[in-house]
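The letters A, B, C and D name the chains in turn, as written, and every chain counts its residues from 1.
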Amino acid sequence: MAQLFEFEKPLLELENKIAELQKFSREKQIDLSSEITTLENKLEHLKKTIYTQLEPWQKVMIARHPERPNFYDYAPLLFEDFLELHGDRCFADDRSVVGGIAVFRGIPVTVVAHVKGKDTKENIQRNFGMPHPEGYRKALRLMNQAEKFGRPIFTFIDTPGAACDLGAEERGQSEAIARCLMAMSGYHVPVISTVIGEGGSGGALAFGVGNVILMLENSFYTVIAPESCASILWKDPGQAREAATALKFTSQDLFSLGIVDEIVPEPLGGAHRNPEQTAEVLAEKIDKHLKALKAYKPEELMERRYHKIRSIGVFEREILE
Amino acid sequence: MAQLFEFEKPLLELENKIAELQKFSREKQIDLSSEITTLENKLEHLKKTIYTQLEPWQKVMIARHPERPNFYDYAPLLFEDFLELHGDRCFADDRSVVGGIAVFRGIPVTVVAHVKGKDTKENIQRNFGMPHPEGYRKALRLMNQAEKFGRPIFTFIDTPGAACDLGAEERGQSEAIARCLMAMSGYHVPVISTVIGEGGSGGALAFGVGNVILMLENSFYTVIAPESCASILWKDPGQAREAATALKFTSQDLFSLGIVDEIVPEPLGGAHRNPEQTAEVLAEKIDKHLKALKAYKPEELMERRYHKIRSIGVFEREILE
Amino acid sequence: MFKDMFRKPKYVTIPSVPPAASTKQEALQQPVSRRELPDGLWVKCPKCGEVLFSKDLEENQRVCLKCSHHLRISARARLEYLIDKNSFEEWDTELRSADPLGFPGYREKLAEAAESTGMSEGVLTGRASIEGNQTVLVFNESGFMMGSMGSVVGEKIARAVEKALELRLPVIIFSTSGGARMQEGILSLYQMAKTSAALAKLADAGLLYISVLTDPTFGGVTASYASLGDIIIAEPGALIGFTGPRVIKQTMRQELPPGAQTAEFNQLHGSIDLIVERAQMRPTLARLLRYHREGAKYGATV
Amino acid sequence: MFKDMFRKPKYVTIPSVPPAASTKQEALQQPVSRRELPDGLWVKCPKCGEVLFSKDLEENQRVCLKCSHHLRISARARLEYLIDKNSFEEWDTELRSADPLGFPGYREKLAEAAESTGMSEGVLTGRASIEGNQTVLVFNESGFMMGSMGSVVGEKIARAVEKALELRLPVIIFSTSGGARMQEGILSLYQMAKTSAALAKLADAGLLYISVLTDPTFGGVTASYASLGDIIIAEPGALIGFTGPRVIKQTMRQELPPGAQTAEFNQLHGSIDLIVERAQMRPTLARLLRYHREGAKYGATV
């Protein structure tokens, strides 16, 4: 069973009680079905209550859940075929970024994704999903090829943020991110970006310039990690929970702010409870948007993306006398 | 006075003899002017004989002369203004490749050049003029900007060849050279390439895809260093002199083969005897060709360059019965 | 006055700074902001410790007379040092930050920043000439919430770039910033994409963009417009990077080598075309503008 | 027979291999060249030393049955393993190397190479289908003067690429080469530029180019067409680089780390998209060709 968070403990207690009753009923041959049904209804109700009223910090916990499906989990569920391609042609193959060509409902597409590891060893290989410059450059190379060959681009965002070490600085991490932003804004193919887990700052945004931006229900997408925000604001990373609320970074927040086009519902309790179902819903959403984008010519796809990004921002206008 | 080669020794002897006579004549107040004039004529004649009949290996020695002017020597003589720009935006600023924007007879141009050091310290900084991948990538970046801004490109070739160390391999030296070749073939601006010293293999060619290819008289441009050729062919690097002849790499050879459009004459004895004069002649040649290229539209400049490069090669055709 | 402004719900009105066209002159006659004029007549160099006569320091464009350290400088002072006298036409002065997330303390911080800098936001945009060369100019103001980029900074830059496109003028941006402005959350993050997208259009149109990095430039600003210059210039010694040195130290659990993230370090690693001293900035930019003037193009001389 | 050919001054005539259209069938029925069929029935794996039954080895596409080492393979054998039966149309078979520099021993070397490989030059070009996907194909022949590139190799590749442009077909090039062919001097060097220029046109036209690197690929070939693939594939263990390991050792005065310049090393350093075992080459290429088929494009399905 999946690792449980504190706020999920009442569910476990109830589940255990039901299991006990079932065992007792079986062993003693006593009919407790009505009691059990009552408890099961109660459990169902409690689940809905807990999972539909998650506060932002609880969503962060779900988004960072070690068993949360990553791109590699979704790839075989979303695509008929996926061929991973490697390297930035310049320095290295960054394992925290995965890309290649996939076939989505008969259409070849280019995919680019952050990938965190599933265990410590893999996390070290993948730098915990935090790309170095060569990761962005690999993605850029693959996306440029998608543009060349007229393939739609699907990006999947799932990173705590850009790498923070000296090597990343030396090799021009800033430039690498900026080039992704600049290039993505100019593509003539459809770009669909989905936040599937953590969307951490510039490292996430580098793959976020989409015609369509989707978010899995329990993912978050933020300018700064809540811990860092709390550190800066209140000199106390322990107040990450408060920062998580202040930053307005849940899928619902981003939908309200007009950044996210649609929220992809997750199974109760989170994507890790049922990756297949999550992928199925996600595939439907992507398919719907991809079909809608077919209405536009290449030039229009580019212009519409530009205007989408261009119009993000909220400000006031002073009236000069 | 410039370092002398073995084949220049007879000139030195004659020069010494003339100096002796002059001194003697001065000290003893004896008129030796007719003897001196005779010797001076003989010297002039000998100079012409030696320097116009240099064998390939002697040209190699002149091209590699430690005092041979490099790009930095020519820049202030060729251009009204030169602003060096740095870096590949990715890994490093390679000091063996120098590039920037210069003003040539009123016209801003992009220049790219190999630069060897003048002494051991500088040679270590500049890796003896042998570029690493970041050198080609800097050049490519600057040349791409020239294309963007419609500036002519002048390249100056002067390298023993590409760097030969593991770092160069790791960072994709082959790809970096190949990208230069590919990109240069497609530019819509005039490209004028001049071999000013050594033109060593792929590292030289990376800057050699010009609409016009010029060579200083005593420079050479080769697929392989004569020493390496001798090693492979005769298992004896000592036979470099023979290899130098076999490889047909002097400016006259390349002119005959139709690779080089024009030879830029050097002062008797080599460019290092009079860099100013060399630069002046070179500037005239470049100016002439640049003016001639103005007859063509951007698309034509590209197509003509393509056909120039495309038509290089000599082969036979078997007649099938 | 500024505080009042930020408490009003939507459209607010203030009559004074930053100036409408009529007060432009006045603004230019105020070469340095209050912040930079020390209470006393003496300023201590933060690098070498030398105590300098503040008038000498200002005359030297706030470059230490002893160690050549480039002290931080306000957007308006920089503008002064750079442009042809009275040539500046400021744009989009009426834009003001909102508080779209209702972020704790944000409105107060904005008011304080406005108060201390005399600016309405962390960026100044407009057009001017440098040695006779017309250009669009953008200056971050480090004194305004560390030059951080929120919706207004992003919007003003995007507008300036679009205006350059319309006028077919080059763009020069002087960056100094701590990064994206946390208080506007995801909206700030997407200003990186917005400014980069505008610059993509400028590049497509074949227009020149010069990025000048000054101390300090970090985070979302470095990872967007600041790194996209056709030519990238930095002031000597300026600290430039994505992640700040403290965070790197924590993550790597080791000291950074001396000189890490300086302009010189960045140039060595290929990120920067030129390091230009403040006194040379004006002639260098003029030179680059001349190189790229439409009439100077090869094609144009046919 | 070949020797005679190279002694004649300009146009020479030979009736047999390589085949005109009529003899194509025959050539295809000869799956491996003489060189690869050992005198005996046994072959020793150069990597693990295992002695293998030569028929088994051929059936396994010359991949060691014990250690999976990929032994070198002739251009024609590779073609055989790869394409749909009888689908190959060979191009430009009539081109022959001249000796433009009068280089010592060159004509003899050419004759020997022709004799030992049964090929007229170090490259095979043409079109074929792979699992029904039409493509232009190029194979270097390592047995022909180490697969070195002179005027004919460059010309045949440039023509094949230009033909692909005309036919709007993708191009797949299998490289194996010691580099540019020294015996043709500067002419060989410029074949690097020539092949790269042709590929630039192919790229401009939006056509796919797949580069497959096989053991060994070095020098001027790696630094031109071999590194310009939209997708770059390598066979496992293939040695790939610009400078050969011996020269690097001499220059650096140190041993190379184990595995340096292998396909795996190159992939780690970002140069290679995919490492594909010989047995998987056909389906993998077919898959990539399908992805890029005109009809498979997003626009085309509207």
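The criterion applied here is as follows: contacts are C-beta pairs under 8 Å (C-beta built on N, C-alpha and C of every residue); 3 or more make two chains touch, one makes a residue touch a chain.
Computed from a prediction, not measured in an experiment: that's the story for all the values here.
Just to be sure I understand: going only through chains that touch, what's the smallest number of steps from chain C to chain D?
Steps on the shortest route: 2.
Check B-D against A-D and say which one is joined by more contacting C-beta pairs.
B-D
Measure off the straight-line distance from the CA centroid of chain B to the CA centroid of chain D, and report it in whole Å.
33
Mind checking the centre-to-centre distance between chain A and chain B? Centres are C-alpha means, answer in whole Å.
Chain centres of chain A and chain B, defined by C-alpha means, are spaced 55 Å apart.
Approximately how many whole Å separate the CA-defined centres of chain B and chain C?
43
Specify, in ascending order, the residues of chain B that touch 2 or more different other chains.
Only 89-91, 170-172, 175 qualify.
What are the residues of chain C that contact at least two other chains?
Where chain C meets two or more other chains at a single residue, that happens at 203, 269-271.
Drawing the touching chains as a network, do you get a line, a ring, a star, a complete graph or other?
other
Can you name every chain pair that touches?
Going through each pair of chains, those in contact are A-B, A-C, A-D, B-C, B-D.
So in the complex, the part of chain A that touches chain D is made up of which residues?
Its residues touching chain D are 81, 83, 85-93, 101, 103, 106-109, 134, 138, 145, 148-152, 189-190, 294, 298.
Which residues of chain B touch chain A once you look at their complex with the stated criterion?
Touch list, chain B to chain A: 89-91, 133, 137, 170-172, 175.
Within the complex, which stretch of chain D touches chain A?
Interface residues on chain D, with respect to chain A: 203, 206, 208, 230-231, 267-274, 284, 287-288, 290-292, 296-299, 301-302.
Which part of chain A faces chain C closely enough to touch in the complex?
Going by the criterion above, the answer is residues 162, 164-166, 168-175, 177-179, 181-186, 201-202, 205, 208-209, 221-224, 228-229, 232-233, 246-249, 253-254, 257, 259, 306, 309-310, 312-321.
Chain B touches which residues of chain D in the complex?
5, 10-15, 20, 93-98, 100-101, 103-105, 120, 150-152, 154-155, 158, 180-182, 184-194, 196-201, 203-204, 219-220, 222-228, 241-243, 247-248, 251-252, 256-257, 260-261, 269-271
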